[in-house]
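Across the two complexes that follow, subunit A remains constant while its partner is subunit B and subsequently subunit C.
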Partner chain A sequence: MNKKILMKGNEALAEAAIRAGCRYYFGYPITPQNEVPAYMSKRLPEVNGVFVQAESELASINMIFGAGACGARCMTSSSSPGISLMQEGISYISGAETPAVIVNMMRGGPGLGNIAPSQGDYFQAVKGGGHGDYKIIVFAPASAQEIVNFTVLAFDLTIKYRIPVMILGDGLLGQMTEPVVLPEMKEIQDDINWSICRGQDQVIIRSLYLVPENQLELHNLHLQKKYRSIEKDLNKYYEQYNANDCDYLIFAYGTTARVCKAAIDRLQKENIKIGLFRPISLWPFPKEEIISISSKIKKAFVFEMAQAQFEEDIRLSFEGKKEIKGFYKLGGAIFNDDEIYELIKKNI
Partner chain B sequence: MITGKILYKRPKTLKDVNMSYCPGCSHSLMNKILCEIIDEFDIQKKTVVIAPVGCAVLLYDYIDCDSVEAAHGRAPAIATGIKRVNPDNIVISYQGDGDLLSIGMAETIHTANRGENITVVFMNNAVYGMTGGQMAPTTLVGQITKTTPSGRNPENEGYPIRACELINTLEAPYFIARCKVTNSKSIMQTKKILKKAIGYQINKKGYSFIEILSNCPTNWGMKPKDSNKWIQEVMSKYYPVKIFRDKGEA
Partner chain C sequence: MTNKIILAGFGGQGIILSGLLLAQAALLEGNEVTHYPAYGAEMRGGTCNCSVVISDKEISSPIVNKPDILLLFNQPSKNKFEAKCIPGAKVLINNSLINEQALRNDISSFYIDATNTANKLGNIKIANMIMLGALSKITGIVKLDSLINAMPEILSARNKKLIDLNVQALKEGYGLF
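For the complex of A and B:
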């Protein structure tokens, strides 16, 4: 096994992408993810890869549309305002079914907001921020090691399903230095017999379906079928922390979930039976698991750095059967464990 | 059986289908010229055409090459992605004036400025064809369109943008030319220039920008013949037909 090394989340992500076979990166600078393009610009030429600093996020997402149409493992990264600009392209890529890994290290919004960590782009990521009926796979890691693991998985899945995969982190995760174990450099042999530039009969990569009249409907039904099968395949990405046999369960993801764990440790010492359920894939959402666990508890808490966005999916899973109390931090503010501890004490 | 010499036939790369372009439109002519050049270089299997948003949105239904359909204005960014992955493929970004100079201006300028080794075919017909003849960045002063009912007024709408002249301020582009396709002489000249541009791409020389003064008989409210006359007499006065830069000849 490879040695543990210390790396910033953003750099660990970039190196993991390269080891997962990513040789094409297109991006536009924005804080708090600037370490990703900086790292890629240095590292990609060493492995015969291509780094292009695009003129905008509109351009970077379309550059990975082009690279993805060739069946290449390619990536772009940005933070909230830049991801908003990419929504058009994400919709086109979804319609055209090409691979793309997209990283969003979320920052405070709306608008230019600030550069502090946030989870305010949950809806945009999970419910589809662009036009039309589409889904993208969204992973929310909570440590540098998980950033590495899920970045590697993201490339395999985007090639397998030809669907955009998003790594949804936040400024804190991207900037934090932590020990990670990196995987070996992957030998890539992707089955891309659907892609352009193979010198075969004409291949058209498109999202326009005009004739016959029901063509687009059929295409959408095909996409939905694919989404249902992805939901079935990817239902195992969540973490449970002391979640067996508890009265209270906290639901949180990413950075927030990590802070919750510290509070849970303290509460447990006082014999309060409380645990954590942390979805790692936000789409597909581990709904079945949440439904089954919801029947075993008295009350649920939700913590997120956004106004009841993630909570909405918890509520949909709970179907009103148990009480849910949500706590939110907005505009780049973050929770600390004392605060979570106090809030839980007051509300049980 | 009829025997004899074949003087003219449909290029292999041009599909044997009805085009959805209006009769007499420059798009159909340029699609054909492009296919002729692709055949002459024998690059059908390695050419990728980017279909733009605009009247040429179904380009891949006529040109039998690999194709990616772009969002409005984003064709050069997609072309960049493809070319960076497959430098030996021939990538052609085919775009109208709204696509290239309005919504896609940033992509246009920066792709040119990076000197991407692609060929841009710019169909300048001075209107938005597909959406029904609204003002384009290239609409002439005084020209009546759906959104300039009293004629383009520079005080409100600014002046028409000259694309070749703009691109010509950049260092990287290799070949920049403006052509027209109004009569057989200019059609042959245009084909020669476009063939040169694609030849440059094959030889990895760099970015070429080929503007074609095109007609839109439908939205100009003219017969095709009159529309060509208008290009000749009015449009080419503001947009001079010439080679702006040819690093291959320098």
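For the complex of A and C:
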């Protein structure tokens, strides 16, 4: 096994992408994810890869569309305002069914906002920020090691299902340095017989379906069938922390979930039975597991760095059967464990 | 055992780098570590800080609200962070640039003439290593040898020629207490 080394989240992500076979990166700088393009610009030429600093995020996402249409393992990264600019392209890529890994290290919004960590892009990521009926796979890691593991998985899944896969982190995860164990360099042998680079007869990759009349409907039904099968396949990505036999359960993801754990440790020392349920895949959402665990608790708490976005999906899973109390931080503010501890104490 | 440390000073004093060196040294000793820098509109001469958490078990929160160890490199940092640390905290103060005495009597303050000592050694930039050397001696959270061994992992290739000078500064700081 490779040894534990210290790496910044953004750099760990970039190295993991390369080891997962990414040879094409297109991006435009924005804090707090600048270490991704910086690392890629140095590292990709060493592995005969291609790095392009695009003229904008619109260009980046459309370059990804092109590289994906060729069957390449390709990636772009940005932060909230840049990801907003990419939504049209993500919709096109979803319609055309090409692979793409998209990284969003979220920052405070709306608008240009600030550069501090946030979780305000939850709806945009999991409900689709672009037009049309589409879904993308969204992973929300909570450590540098998970960033590595889920980036590697993201490339395998985007090739397997030909659906965009998003790594949804935040400024803290991107900027924090932690020990990681990197995987070995992967030998890639993807079946890309569907791509425009298969070198035989004509292949058309498109998202426009005008004739015959029902062709777009049939295409959409095909996409929905694919989404249902992905929901079935990817239902195991969540973490439970002291979640068995508790009276109270906290729901949180990413950075916020980590901070909740510190508060849970303190509360448990006072014999308060409290645990954490942390979805790692935000779409597909681990709904079944949440439904089943919701029946065993008295009350749920939601913590997120956004206004009741993630909470909405928890509420949909709970179907009003148990009380849910949400706590939010907005505009780049972050929770600390003392605050979470106090809020729980006051509300149980 | 978990230590929550904040290092703070001017941009350019090597705050982020010394935080990384501390984290790397703690990792070499088999600990879990996190390092989280303030990454706002930091610039040379502006204020700058980073949080380092060192623990023998998995670290949940990398965010340090109430530090138990503080390394203060300049006056604005003292003004900002001294009030935040827990009672009994160990506070290392670069008194080359910080004049005031401790405002609290429930913390242990240690005064280190880091910037002046660095100047005497010939490079003002190694004040951070003098502080880290003192930290090792005062708190024992990492061994001096671990800091020295961590150096090649943290310094960028173009600065490898400065390892000897930095090691000298670590030892100098260690010897002050």
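Definition applied: the second predicted complex is superposed on the first by the 348 of 348 C-alpha atoms of A that agree within 3 Å, B and C clash if a C-alpha of one lies under 4 Å from a C-alpha of the other, contacts with A are read in each partner's own complex, and residues count from 1 in each chain.
Criterion: a residue touches a chain if its C-beta (ideal position, glycine included) is under 8 Å from a C-beta of that chain, and two chains touch if they have at least 3 such contacts.
Since this is a predicted model, take the numbers as computed values, not measurements.
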{"item": "Touched partner set for A:68, first subunit B, second subunit C, both or neither", "value": "first"}
{"item": "Which partner, subunit B or subunit C, touches more subunit A residues", "value": "B"}
{"item": "Partner chain(s) touched by A:171 [first = subunit B, second = subunit C, both, neither]", "value": "second"}
{"item": "Subunit B versus subunit C as contact partner of A:115, first or second or both or neither", "value": "second"}
{"item": "Subunit B versus subunit C as contact partner of A:207, first or second or both or neither", "value": "first"}
{"item": "Touching partner for A:291 - first (subunit B), second (subunit C), both, neither", "value": "neither"}
{"item": "Footprint overlap on subunit A, where subunit B in one structure and subunit C in the other make contact", "value": "none"}
{"item": "Residue ranges of subunit A touching subunit C (in the complex, touch as defined)", "value": "4-6, 31-32, 115-116, 171-172, 175-179, 258-262, 265, 334-339"}
{"item": "In the complex, subunit C residues that touch subunit A", "value": "20, 23-24, 27, 32-37, 39-40, 60-63, 65-66, 153"}
{"item": "Subunit B contact footprint on subunit A (complex, rising order)", "value": "24, 26, 50, 52, 54-56, 58-60, 62-70, 72, 74, 88-89, 92, 96, 196-197, 199-200, 202-208, 210"}
{"item": "Interface residues, subunit B side, partner subunit A - complex", "value": "45-46, 48, 51, 57-58, 60, 64-71, 74, 77-86, 89, 106-107, 109-110, 114"}
